[in-house]
Structures are given as C-alpha cells and as structure tokens.
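Think of it as A, B, C and D in the order they're written, each chain with its own count starting at 1.
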Amino acid sequence: MKRFKTTKGMIGIVLLALIALIAIFGPMVIPPDAATAMDMRARRAPPSLTHLFGTDQLGRDLLFRVILGTRTSLEIAVSAVLMSVVLGLPLGLISGYFGKWIDNVLMRLVDTLLAFPALLLALTISAVLGPNIQNTIIAIGVAFTPYLARIIRGEALRVAQMPYVEAARSSGTTDAMIMWRHVLPNILPAVIVQATISLAFAILAEAGLSFLGLGTQPPAASWGLMIQASRDQLDIAPWTAVVPGLAVALTVLGLNMFGDVLRDILDPRSK
Amino acid sequence: MKDIVSVDHLRVEFATDGGTVVGVEDVSFTIAPGETLCVVGESGSGKSVTSLSLMRLVEFGGGTITAGSLNFERADGSLLDVAAANAQVMGAVRGHEIGMIFQEPMTALNPVFTIERQLTDGLMLHKGLTQAAASARALELLQSVRIPEPERRLKQYPHELSGGMRQRVVIAMAMACDPKLLIADEPTTALDVTIQAEILALINRLKRENGMAVLFITHDMAVVAQMADRVVVMYRGRIVETGSVTQIFENPQEDYTKALLAAVPKLGEMKGKPAPEKMRLIGDEAARAAAAPAKARKPEVLLQVKNLTTRFPVKGGILRRTVAQVHAVEDVSFSLNVGETLALVGESGCGKSSCGRSILRLIEPTSGEVWIGGRDIGALSHADLRRARADMQMVFQDPFASLNPYRRLKDQVAEPILNFGLATGAALDAMVLQLFDRVRLPRDFMNRYPHELSGGQRQRVAIARALAVNPKLIVADEAVSALDVSVQAQVLNLMMELQEDLGLSYLFISHDMAVVERVAHQVGVMYLGRIVEIGPRSAVFDSPQHPYTQSLLSAVPIADPRKRRFGEDLAFKPITSPIFPLGHKPAPSTYTEVTPGHFVLSL
Amino acid sequence: MKRRDFLRSSTALLGSGIFMGTSLPMAAWAEDAPVSGGTLIWGHSETTQNLDMHQTGTASSGRVLQNIHSSIVTVDKDLNVIPGLCESFEVAPDGLSYTFKLRANVKFHNGATMTSADVKYSFERCKDPATGAVNFEVFNNVAAIETPDDLTVIIKMSAINAPFLSRLSENGAGVIMPVDSGPTQGTNPMGAGPFKFVSYEVGTVVKMARHEEYWDGPAFLDAVEAREITEPTTRLTGLRTGELHMINDIPLDRVGELQGDAAVQVKTWFPLNFDFINMNHTYEPFQNSKVRVAFDMIIDKEALMQGALWGQGATTPSPSFPTSAAYNKDLKQRPQDIEGAKAMLADAGYPEGSLNIVFKATTNYPYHIETAQILVEWFKAAGVNLTIEQLTWADWLSQCWVDKDYQMTMMNFFSLWESDFLYYSVWNSEGAFNYRAVKDPIIDELTAKARITVDDAARADVYKQVQQQIWAESHDIILWFRNGTIGAQPAVMGLDTVVHPNGSNLNFHKVWIKA
Amino acid sequence: MTYVLNRLLSVILTLFLITLVTFAVTNILPGDVAMMIMGTQSNPEALAGLRESLGLNDPLLVQYAHWVGGLLTGDWGNSLIFKKPILELLSQKIVASAVLVVMSMGIALALAIPLGVWAAVHRDKWQDTVSSSSALLGVSLPDFFWGIVMILVFARWLGWFPSSGFVDPSVDFLGTLQHAFLPALALGLGLMAHLTRMTRSTMTGILSQEFIRVARAKGLSERTVIWRYALANAIGPVITIAGLQIGYLFGSIIVMESLFGYTGMGWLTYQALLNRDLPLIQDTVFVIAGVVMLTNLAVDLLYVVIDPRIRLG
C-alpha cells in the first residue's frame, strides 16, 4: 500500500516539478516572440517537424504558446488560490473557533455568497475594474473564498473541540495563541490539500472566464485562453484543443496525485 | 467430547506501509462444546486478530492467514478448516454456526436500518425464513435478551436505543441462528459497569441455556476471572500461557501473567488499609519499598466547592430559544485537602466530568462557589482566571487527543510556562528538562512528536505539562482509563509519588471502582448530577449506604475466579434523564452524616 | 442598445448589395419549377428580441419580421426606391409633399384589407414618441398625413427631408400595420408580409406560416421555423447533420471549407458591413495627424483582411458603398511601411517604445479580436506597444460609444451607405456617431455644404472630398467591406432572392424546397 | 418540525441578504439603463424623462424597496430586451433548467456512485487510481469543451441526439429529454469528479465502521454489505454534497445553455448580462440564488427523510 501510494505521489511530484520547470524556465528558453509570431501560410497546421504541436488559427506555434501559457496559467491559479486562502483562512478560522453568533453571522454571509453564480461575480469585477490578469486573479480569488472559508471553518470547528485545545486553554493560553499554535497547524494540512485541488479549479476557471473575454487578454497565451480559442475549430483542428487540454489535464492529475500524498508529507506522524 | 474449535499454529500477517507485519504467530488452542475460553491480553497482543481469523474477517482488515489451520466442527459434524474455506462456505458459517459480538455497541448497528431489518436479514439468509417468520423469531430473540418493550424496539432505529440495549440487540443478532460458537470480542469494554454486569450475566445465561461454546476476548482480568472456564494469555502475537481459570489466577507460571495479575487492582483488597497504596509492579521492588504509608499531614483545605450547579441549555423552536436544561451538575458541595485525592466516581452521564470542568471554569457553572486557596474562582475576571489557572491543572482521558500532533513535546510542556511568563530561554529549557526527568521520560523525547510515544508515555507528557506551572490542584479526568493495565499501574504510581513529593491534591474522576479504591483518600459517588454519597474511602467502600453506591459496587467484576457474581440475570435500575423543563426547581441536596465525614444524600 | 441599432438607425437610403454568387451552379435550379410546400428550418444566428416592428432596434428581429411585414415602398437590387404596398408614389417638385397610391386588395394577416387609414395609423404610431419607435425621427418633418380616399395618402412636410423616401423603404419606418393593432404588435406581430406570425418561444424559435392572401402571390413554403442558435459551431453542426435547412452567418473561417463541400450550398455577398479602426481624438498622441497616419502605415490591410476575415471581404479606402456615385475611386489605401511609420512617429515626438496603447475590442465580433492580435505584432515591429482589452458588447457600448473611454478600438457599420447619414453622423464634429470626437473644420464644412447641394453629381464630389480628407488626415483607418454568408442544404431553392438589398434582412417569399 | 421551521427562517434571512447583494452588485455594474433602452437615438431630454419614469432618480433605498416590494407582490417588472414581463419569461425558462439540472445531477450520480464505491472497496489499489483518474478527466477540461465534444461526437458524427435547442416538455417530453441529454452529459462529467471523490471518502469511512464488520459476521454477502449496508449510509452525505454542487451547477449552465442554445435560466441570465438588462439581471440572479438556497434546504430535508437519526431532532 505504502509503495503504491508513494509511486503515485512520485508521479504527481515529477509531473508538477516538470510543469513548474516549464513555467519558470520555459519563457527564457524559447525564442522571444515565438509564441505570438504568426505564419499566415501555416494556419491550423497539424503537428509536424516545423511545428511539433501544430499551429492555431493565426499560424502561431502551439508548442511555444503552451510553454508560455504555462507560466500565465499557473501565475493566475496560484495567486488566485493564495488570495482565497488569505481571505478565507481568518474568516473560517474565527468562525469555526469561536462558533456561536460569530459563526452564525459569518456563515450566513458565506452562504449568501455561495448562492451567486461565480460568473456574475467575475463579470461584475471585470466590468468595474477592467479585464486584465490582476483582475482575473481577484475575480477567481474572491469567487473561491467562500468555498475555502467553509472548509476551513469545518476543520477549525473539529480542531477547536480537541482535548489539546482545552488543555491549552486550561493552562492559560489565550484564544489568539490557541488559534496560532494549536488550531492553525492542525488545519493547515487540510487547507493546503484543499488549496492544491483548488489550483486545478482555478486553471479551469480562467478558461471559463475566457469564454466571456475576461481572463488573459490575447495575444498573450494561457491554457484557458487557448482552450477557449479552440472551441470553434475542434472538429477541423483538434490539436488546438488537445495541446492545451493535455497541459491542463496533466496538471490537474499531478495536483490530485500530489494532493493525496501531501497530507501524509505534512503530517509529523508519517515521518 | 470432541473440540468444537481447534486452532493449530495460526499465523496471520498484515501488509502495512512498513512491509509485512506478523499479527499472530504460532497460536494454538481448542474450545470444547459449552466451554468459555477467554483470550486475554493487552493492546497489540493479537487477541482480536485471533478471533477475527476464526471468522475469516481478518482479511477485511488487510490480514492474511499464512500458516496453520482453524478447524471448526460444523453442525452436521463435518470438520471445516476455516483457513482454507471459500467465500461461499464462510458465508454459510458466519452468523449461522458462529455468532460474533463486537466491542462498540454504539456503532455495531447500521444506523439507517430498523432493528427488525437487522435482526431478520440473517435469519432469512441462513434459515430461509419468510419475512413474517423472521420477524416473529426476531421478537423472540429480543425477549430472550430481556429487552423491555421488544415489539416497539423492532420498529426503532439504533439511535433510539441506549448503549446497553444496543449491545443486547447485537447479542440477539449473534444468537439469531443458534450458533454453536459465540465469539465475543471485548463485548463490555465500552459499557458502564452496571450494564457490563448485565451483559456478562446475559452471556452466561445464553451459553448455559443453548449449550454453546464462547470465545471471549478481553483485556480485563477481572472479567476473565468472572467468565472463563479456561484462559489463554497472549502477548505480542503469541500465546504466553494457557490453563484453567483457577490455574491462571492462583498459580500463574509465566512472568508476564504474573505481572499482568499484579497490576490489576482487586476490589476489596484495600479493606482495612488507612491510606492509598501504590500498585504492585513485578520487578519493581523499589516502588514497593517506597509504598510506605504517606506522611500524615495536618488537614488543610485546598479546594472548597459549595453548591456548584451547572446546567446546559437544550435549544429548540424557531427562535432557538432554550426549551429545557440538562442538569449536569446539581448542587454539589465538597472539600479537598492539600496533598489528598478525592475521587468522583459514577457512570457515564452522571456529571463527574462536568463537575471537574466547572471547577476549572472550562465550562461556566450556573451557580455555586469554588474556592481554591482562599480565592473564589467563580468571581474572577477573564484575565484573573487565566492567571489563577496556574494553580489548577487538568489531565485528560485520551492521551492521543490531548496532545497537539503538530508540536514537539518540548514546546507543549513549555507552553504553560511561557503563558505565565515563568521562565524563558535557558531557564525554560532547564525547567522542561527537569519536568521530563520528573515524570521519568527520557530526555531525548523532548524533540519528538506525540505520535512517536506510547499511550503511557503520552500521559506522562500530559502530566509534565500539568506540573509545569507548579499547580496545587490537578483534575485528572479518567486519566488512566485508556491505558493498558500495566501502564495504568505505572502512571498511577507516578501520580501518587508526585503527590507525596509535591503535596499535590488530585480530583480523580473515574468510573473504575477498583482503581479508585486504590488511590483515593475521599470518595464521592455521583448520580444524575448530584453526589449521592461522599466520605472517606474506607467508609464508602466498606459500608456503602446509598442504594446506588451499593448497586454500583455489586456490579464491579472482581479479579478473583472464586468470587463470581454474574451467574443469574441482573437488572439494574436504568439511569433516568437529567433533562428537565425550564422552570424545574430541583430540591437542594441535603445529607445525613452516618459516620464522621461520611455523608449520604437524603432520599 | 444593440449593435443592430447601427443598422436600424443608419439605413436611411438604399443599400446596394453586390452578390458574389453561390457555390452551386445556377443551372441546377434553373431547370426546376418551384414547388409549393414544406417547412423551412432556419438556424438563425441571433436572438429575436422585441417583436414590435416599430420598437425593435435589432437586426435579428428585423431579419425575421421582414417576412411578416411589408413596407410602403421598397428597393430593388440596385437600391432604387420602388413601390411596395403602394402602387406608385410621387414627390412634389418642392420636396414638401409625397403622394402614395396604394395597391388595392392588399390583405393583412387578420383578413382585413389595407386602406389609407392603416397607413396613416402606422406612420402616426411611429411618429408618436409614446410608441418608443426607433425610427421616429424619420417623421420629424411631417406636418400632416392626409387620406383623401381609401387608396391615397398624401404626406405634407414642414421642411425638406431628402432621405425620407429611402427611410420608408425599410420596415422600421415604412411598415404598414392594421389600424389599432399597435398594442398587440409586441406579442403578436401582424402585417401584410408573405408569412403570418404563429408563435415565439423566447430564445428558442419563431414560427411563421404562409399568408395565403399575400398581395404578391403566396409563398412556396408552408411555414418557416427560425431556430435561434447563436453558437457558430453548433449552428454549423445543425446544418451538417441536416437538422437545419439553412443557416445565416457561417463562421468566416469555415466558408472556404463549406464551399468545397458538395453536401451544402454556400452563398456569399458583400457588403454586409464595413469595418474601421478608431483612434480616440481626445487622446493626446492621436491629436497629432502624423501619429494617425503612421498608424495607418503600420497596417497591411489586405494581409489583415486575409488574416481576420479569411479572405471573406474586400479592402477599401472609402466607406461609401462601391456602387455609390460618391465612392472615391481615386483613393488608395496606404501600403504597409513600418520603417516609414517609425520615422514618422519619431518625427511626431514618439520614438520607438514610447507609445503604450490599449486596444479595446468587443468579443461580440470574434474577428475583431483576431484583427487586434495581428495588429499587435505589426505595432510591435513599429515600436508601439499595443495591448488588447476584450469587452462584452454592453461594456464596449458604455465605455467606447457612450463614455469615449478608450484609446484605440474598431467597429463596423451595417449598410451605412447614404452619404449624408454616413459622413455627417460619423465624421461631422456634431455627428451622432462621432464617438472618436473627430473635429475637422474641413469635414464639418464639407458635410454641411453637401446638405444644401442639390445637384447629385456635385454632391457626390463633395463627399469624395470628405473621403479624401478622412484619408489624408487618417481620422480613422478604413479597412474593408465584409461578406455576408448563408449556408443551406442543396434542396433549398431560390436562395438568390433571400437576401434583402440592405444585406442583412432575409425574405423567404420566393424560397422553396425541392422534394 | 421545529428543525424545518428553523431552516426555513434561515432561508428567508439568506434570501433577504441575497436581495441586498444582488441589488448592490447590479447597481455597481457600469452603464445606464435608460441609455440601454434608448440606444443611440437618445437625446438628453428623453433620457431624463425615461430615467424619471423608471424611477432611476430615486434614492437607492427607494429603488431597492420598490424592487423587493415588486418581488413580494408579484410585479417582477419587464425585461428591457425582450419587452416581456419577467415573471412570464422566468416561468418558461425555469422548467428548462430544472430538467437540465436534474438530468445532469442524475448522470453525475449514476457515474460517480459506482465509481466511488468501487474505489473505496479497492482503496489504495490500482482500481482506486483508475477511478479517480477517470473521474478527473471530467474536470481536467472546462465544461464548454466537453459540450463541444458532445455535439461533435453524438450529434454530428453519430447523429444520436439533436445538436441544440430546447423543446417544451408539455409539448414533447421525450424531445425535451433528447435535447437536454447532451448538455446534461457535459455538465455531469464536470460534476462527477467531486462526487466520486466524496463517495469514495464517505464509503471508506463507512466501510471501516463496526456495523460493516457485524454485517459480514452475520454471513451477508459482500454485495449486500457494500451495496445495501454501506451505501444506505453513504447516500445521505453524498446527496448533501450533491446539493451543495447545485450552486456550482447553476454557474455552469450559464455557459452550457448558451452553447447548446438550450434556453433556460442560464441562457436568460447570460442574455441579461450581455445586454445589461438590469431588471432581468436582478430577477434572474435572485431566482438562481434563491433556487440554490431552496435546493440546499430541500436536500437537508431529504436528509432528514433518509437518515433516521435526524428524523426526530
């Protein structure tokens, strides 16, 4: 069992490491402008030796675009998830730890936010702030916050009832210190695992926003934008969808495999 | 007569994260028809693995029988090697020819099916009964396990039944097809002592009436003494000793058996002794030497509890208003002297834990006063209370849950010291070091995490943490209940030693009468939130006055096969609910002093 | 406001459509005689909104209602105004009175016969501000509508309104509906067109059935179902699977592919609209004509058209319809000269790398996004950093059209070919469509002068000067005329009659399905 | 019963909060309603008059009260783009979306439960990985992508289902189901992953419980133990999680309905948003949020029915 789980985790780690390397070094390695350079004589060219992954409707090389898109997509996903963690953590922690009316008020608020289509939220944010990468991050980050807050709250609620929290309280530890020393470390693994999974959703959310022309603005490349652009040519140029789709799928797969073993890695018990 | 079960050189292996682990090895024993065989051992001894192997249920926990045979004589007289039987045959044997009872009655029943459905599906499967016939048989079964109002129970769901009733249902299920062998895996461990007595008596009766054999798995030597015809003692996956129950208890051959028996407190063995005594530990003569009677102290009151009452609201209705109250602690008064131990005993739900927590104001009492060292705890502000907590510390039941898994032990012991600003830097390290020495933990444990320790070691850390701020009072809430008996003895001895050296006072909350008899100076018996009887240990144990105290003591199994108590059906008065409507004004607790210092609640 | 408003508000005079032919040999149906019967299922590219012909401002509604309504006059293929529901019309020499002789025995869908009272009712309903008619201003100068007899209508004007007749040639203003039918037009549009309205399920389908008593003879089709499928790929799939007989607006990149497919017939025509790139004249760099001209020089229009429209269009330096007398044939688009543009920008005080421009493009027109992406590359070569911001249609309208909050954008206008309406609205500093804040005294003077120039040839010359000035100053960068497209099953016949001369509306009167 | 009333009260409170947020959000959206109505033909006087008649000059609080008052009294206003009473539009479209939502949830559950159970039974074995990986495939690509794949595969190449559109169930119920199937399948694929994961973890927890061992000790077959004993306990939690997905689902149908020309609530909301049809935006968003709330309530109540432990509480 252990060996199996470790292999799975290793695959996840290797996948993610590879993707991270591409994100960090890819843009430095490929020729400048390679991802936006157009070849009008080779529009929608299938994969070949000149264009390993084929080209898109404007004759741009998909290999270069997917490499450049890696950084954009991960940048957006990581920042948005970080933002939702930063917003959701105090919200969920306070709600779950103190309970009672604070919990009631905060969770009613979260429920209300959850009832709204995220798309409306994103559309409003983008209409008010304008479409660009930062605002995409804000839109996704804000939309994810209530989900995260809810999960964190549940975890905090569970931990707050543990005897070691009561033990800490009975030995004179203040609420703030209990949250910092006892609750936070114990919910962190769950939060990190959740954040890992949210990353996958954030990558997809960016694609969803591209459906409305929000998200990354062309000619910059992101996986979401590329998938979005492929939707009108799926039948005649499937590679335009397969290339970014595979990138997302591998990342999602990697994140999930990694997420499963992450909890073990973070747990001192498994050391 | 031929043996109904004959286990021969059983070996079970588990594939775990760390590779293959041997669960049991070279285990051989037999069970004769109509005989009760007790397999006894501490956690990790392999006793449950053995019983599960006999049902071939061990495979569902990741185990594999890799050697040996498990011969079982079937109803038709043929011999079946369970180890080699296929799934179909096992399906026919399980629940039909072998019945099994498990430890946790609260989770042993499927919460979403009615009692009837759970009782009848086995009958319909094995006996081919129609729904109606199965239902009739189910009712019969419930009657035979003496459940009140059996007709109504059939239509109920498990959560509507009390723990004792659920265990009776589980037994009824196991008995449904008149098995020749009943396997009972720690069937009373999770139950209160009076219910335990009832269930043990029930198993005895059913065994007698049906002439079936019983394989009884337990860790509790007292239960073994009460139930067994023959005993198998197991340790770390191997059999240590096998023999008749009197042989094992009166003339144990192996050191392990001897040590195990020594660590078991026997109810009544303290009769006539003035002060608590440490537990006997084989090979620990030093401890025995130190067990000299505690120095007589001048009585000096440390803790004074006056009319303490704690009620929890029961919310209901649209506006979440309080519609009723749980009277968890009701008008409780007592005092505890410096350097002494007051034990609060009682069954689950009697309010003993709430009482301890109310004293520390971990929950807010509704009314009453708590004086510690001349200070009224109830009147303290939030900040003052935090400071006052240096005087009163708590040790919790579950050593697994009361330590934060993500912090080093050093930091957890140091936390109270930091909270009160008692020391920092090198002085802090020195203090922590000293505390580890004090509770006899190796110093290199300081940098470890809780999971690297055993249960007893963790409880020592918890004690060290409680000691860190030099408290005067320690509330020990079932502090040794989760520990194996030998470890329990060690921790109890440590606590008594600390009491002698530091003059600590303990409020010792426990359900285990035998342990309480050993450690307490004073004993308070709680029932439905009130203390029904309180007084010096010898007075309460030797001449219990309150009927509840009497029934409690009569239900405690004694670790002596010659003092069997559970031959006939027992039925104790069930505990009523402590929930009362909002306006309910309970009568104040008034006591009669029967002998000096021995008070009994007036009826 | 919708993009279709441009169409509605701009079709003052006749549009001239040039048919580019179909991929199916003309002979194929020339041999067959039309047969009656069948229901045509049309995959409509847009959602029908308000069904009240007067109130609706959208091309999508107008495209459908074209089959339900008829107007008093109409246009032929060469964009000459010809009689519609009237038998003849006459304009007084002073231009202050119009006399219409109505056709006799024109039947509305409710069976009633059209009279002059219906005409008076329809025009007055349109004129009444309370109706909320999109084209109410057409009747601004109308002083009185007289109905001396059942078949004569005389309209008296208080001032000359040259485009009046042309504006009546479209249903928005010229539609004739039965007296007192106004209140129900929104839910049950009724007129004298070849098809009767049957039902509309919002967003899903409009159903129409043949009007047997249509004045120009009953249609061949029993019924038309306009299914609304806005997603281009889905619509195309519907045509290919045979679920749909016909679709309009084939995605531009697929036209070539479909033309090579024998299983469908493809029809293209131009112009559907013209496109131009806009520079906001209130933005400091664009106040300098050198910058604007330099930007024009950066762009290779033909390559851009091939890139963004997949060749489905024709480049033009002038927005006037090619058939219009006002079209300035002497103009030529500036060829791409990136080095020259660089020099000119440096000369204007914007050396390489100093210009950072945001280009706002609406996702409503995917080819605008493609255009912008191609531009980014050329501008990068010229040392100008162009970044794209995509806007939804509503956002584009509110930011670019209303608030003029943009630096660069692009837009298209449908059938805006009547010269006064085109040049005055779009380039006069007072013009209603002057969202770039163009303020050129020469254009202001010329467009004002054209309004009082009676002679057609002289007037056309004035507009040619306007075009020359727009080009010289590069107020906007005129790109191209875009093609309109239709795809259909081979069995659908009479497709050459389906497109209205305005290039947008579809009329199924003469369409039939081969058995 | 008090439990039900309690939940109802909290739903009413949340609905009130929803009206507040909806109103706030739609009023933050840039753009002028009067401008949207009048279009380019507008002149300042006409605009001012229209603003006045629409009540746009009223203080926000009055506008809010007017809107909420209308909601309560059944006057939901008119759509600016469709020139129809919004209540009428909503009542048509909500049926379409209900069919789609129920169907996609059904498909998701029908796929996720067996897959999740299978994974839980073979926890940490290859079957577990196969299960979670195949479930992940659904979420690895955005749902509109799956929508297009569905159209191409099932409509264009196989020709089994219509590629787009919606048929009124009162006219042709089978047709409704046919039209809803492809978008429902695409949505279901997206929902499946999370549900599979939750089924797996719920089942894993249940399979390690004592009553499962008891059931085995009774001699019940593994099939009965897993698919009756264990699953009966997992259904409640899984349905609760499915209920929480309704919110996500209502977000997804906006894109999916537009893609399939399946004209339900999602499509209507999208049209309203694109055209800045403020009254329609407010009402559709309110209805969607309300439906999401009420579904969660319904799921909670359903849980009460499924799980006897809460029944009396």
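The definition used in the following text is that a contact is a pair of C-beta atoms (placed from the backbone, for glycine too) under 8 Å apart; a residue touches a chain by one contact, two chains touch by 3 or more.
As the structure is a prediction and not an experimental result, all values here were calculated from the model.
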item	value
Chain pair with the higher count of C-beta pairs in contact (C-D, A-C)	C-D
By mean Cα position, the chain sitting nearest the middle	D
Longest centre-to-centre distance from chain D, chain (CA-based)	B
Separation of mean Cα positions, chain C and chain A [Å, integer]	44
Whole-Å gap between the CA centroids of chain C and chain D	39
Rounded Å distance between chain B and chain D, as computed from the means of their C-alpha atoms	49
Multi-chain contact residues (two or more partners), chain D	30, 148, 152, 156, 273
Of all residues in chain A, the ones touching two or more other chains	1, 5, 123, 127, 231, 234-235
Where chain C touches two or more other chains, by residue	233, 392, 395
Contacting residues of chain B [partner chain D, same complex]	55, 57, 60, 87, 90-96, 99-100, 102-104, 107-113, 121-122, 125-126, 157, 159-160, 170, 173-174, 176, 316-318, 320
Residue ranges of chain A touching chain D (in the complex, touch as defined)	1, 4-5, 8, 108-109, 111-121, 123-124, 127-128, 200-201, 204, 207-208, 211, 224, 227-228, 230-231, 234-235, 241, 245, 248-249, 252-253, 256
Contact footprint of chain B on chain A as seen in their complex	1-2, 5, 162-164, 166-174, 177, 181-182, 185-186, 267-269, 271
Touch list for chain D against partner chain B, complex	2, 5-6, 9, 209-211, 213-222, 224, 229, 232-233, 236, 306-309, 312
Of chain A, residues touching chain C in the complex	33, 36-38, 40, 57-58, 123, 127, 130-132, 212-214, 217-219, 231-236
